[in-house]
Amino acid sequence: MTTGADLAEACAAAMWRADQASQDLGMVIEHVAPGAARLSMEVAPRMVNGFGTCHGGFIFALADSAFAFACNTHGAVSVASHCSVNFLRPAALGEHLVATAAERHRAGRSGIYDVRVTAGGEVVAEFRGYSRTTGARLLEGADAP
Amino acid sequence: MTTGADLAEACAAAMWRADQASQDLGMVIEHVAPGAARLSMEVAPRMVNGFGTCHGGFIFALADSAFAFACNTHGAVSVASHCSVNFLRPAALGEHLVATAAERHRAGRSGIYDVRVTAGGEVVAEFRGYSRTTGARLLEGADAP
Amino acid sequence: MTTGADLAEACAAAMWRADQASQDLGMVIEHVAPGAARLSMEVAPRMVNGFGTCHGGFIFALADSAFAFACNTHGAVSVASHCSVNFLRPAALGEHLVATAAERHRAGRSGIYDVRVTAGGEVVAEFRGYSRTTGARLLEGADAP
Amino acid sequence: MTTGADLAEACAAAMWRADQASQDLGMVIEHVAPGAARLSMEVAPRMVNGFGTCHGGFIFALADSAFAFACNTHGAVSVASHCSVNFLRPAALGEHLVATAAERHRAGRSGIYDVRVTAGGEVVAEFRGYSRTTGARLLEGADAP
């Protein structure tokens, strides 16, 4: 019998294998559970922008990946329709960023997920993602009753 | 005498030199003018996510860079405080993305910039960025009267 | 034969008849065209909040009505799924607010509309609304070929 | 000695006395605590829009008031700079709406507050508000040590 936790981990493993983008950025999946995910990433030299701090695109990418892993833990393929992000303090070269995604609401085809990105215990960004399921399934048979 | 167009180009050049992130992603500055910028980027293999399409983080990064170059054309250092993005259609491996940023509003320390990301003439994403000036100047003396 | 402009006006007239909320707030439809609408409203004593200025809810309501009229000009019933608003300067008691909505993007069931709210030529708020069509039609037969 | 809870209640009382808008809409303050507020309101006939359901402006207004009371519990005058709202299901005439605001983040002059609006235990809307302090104090001396 497949529990929610098993399904969440199987979904994450399937997504991760194909996710060259998250792998290439050096992201690590720290934890996955139904509706939740925690990913981390170090700010590398190639992520630094014109002001000497981490380009917002990479902070967003980490949050977006945490959101994607969290909203795809239920077996249905879910994609981001809308995201907003608030940048609260810069992230410096070499800092270890942690993005923690939690499900805020889910009904029908729609979901809302909140992701907090921290570095050294301080909040770097607050992200909110809105997802929609596409109708496809992530796993072949694995999450069928 | 420095015109607005000269200042915009000088600001962009200064930012670009230090912006390893945008350079590393293969972005190209197509055009810069006061309050406006157009950047392009090709979807590379390392940008592809678990669904075989461009990870939203890279679409966001391109839009965010266009926003950053547009809001930094007036001489004052401006940083992103808040951004929202709506993903309208996936971008495929190899597609040429173009992000066009335009100033929507600017008053006091705040600005609002709209960025449209297209591929092959179709809209991939609509981004809105909110900036704040930090009080610092981008160029040493170049934009002083 | 029904033109786009005729259809837009017929849709607005049908919506307005049932829209007690917009009527009760003293809104006036200044202009309607395909994908566009301009509405105005005076800041009344009952709209003033604890800081002596117009409660953000009423500024939002005016922008939201302009958005609703603009996105319902094509014949298909459209509803707001997501809205964001940036408050740029307070609106005072007695000021005449004008909300101008323009279509930013429309494809499939989704639309994006930008609404600027001004008072005395100054920008009070910038609003962006995301709509979805429900599948129902606004008019009986009137917009059929 | 003034505790955080006392200060929160004193701030709310001061705001409420001047807030004709929230009073006129029939809002009731159910609960206030540091960084938190819960307000309720019934959907009245004058709040119904062209589709026979509560105009989004009034759902927003309730959420916005809950946000305002929550972010003004610390003694410093705070105003909304940016808000986003996601409408999840319509609210019908006569329904009792409850908006619960909680502080998500607060540092320096900025705060982020999440507000959930429910009716009959179902989520009607999810709202996120971004506040900034103005530098003024809400109470004369009352919150001084």
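Each chain carries a letter (A, B, C and D) given by its place in the written order, and its residues are counted from 1.
Quick note on the criterion: a residue touches a chain if its C-beta (ideal position, glycine included) is under 8 Å from a C-beta of that chain, and two chains touch if they have at least 3 such contacts.
Quick caveat: nothing in here was measured; it's all calculated off a predicted structure.
Undergrad: With contacts counted as defined, which of the two, B-D or A-D, has more C-beta pairs across the interface?
TA: Result of the comparison of B-D and A-D: A-D.
Undergrad: Farthest from subunit B in C-alpha centre terms, which chain would that be?
TA: The chain lying farthest from subunit B is D.
Undergrad: Taking the mean of the CA coordinates per chain, how far is subunit B from subunit D in Å?
TA: Computed value for the inter-centroid distance: 35 Å.
Undergrad: In whole angstrom, what separates the CA-based centres of subunit C and subunit D?
TA: Computed value for the inter-centroid distance: 23 Å.
Undergrad: Any idea how many Å lie between the Cα centroids of subunit A and subunit D?
TA: About 30 Å, centre to centre.
Undergrad: When you check subunit C against every other chain, which residues touch at least two of them?
TA: Residues 82, 84, 86, 130.
Undergrad: If we count contacts the way the header does, which residues on subunit D are in touch with subunit B in the complex?
TA: So the residues of subunit D in touch with subunit B come to 82, 84, 130.
Undergrad: Going by the contact rule at the top, pick out the subunit A residues touching subunit D in the complex.
TA: Residue positions touching the partner: 84, 86, 88-89, 104-105, 107, 110, 112, 114, 123, 126, 128, 130.
Undergrad: Please name which positions on subunit C make contact with subunit D in the complex.
TA: 14-22, 24-25, 45-52, 54-58, 60-62, 64-65, 68, 77, 79-87
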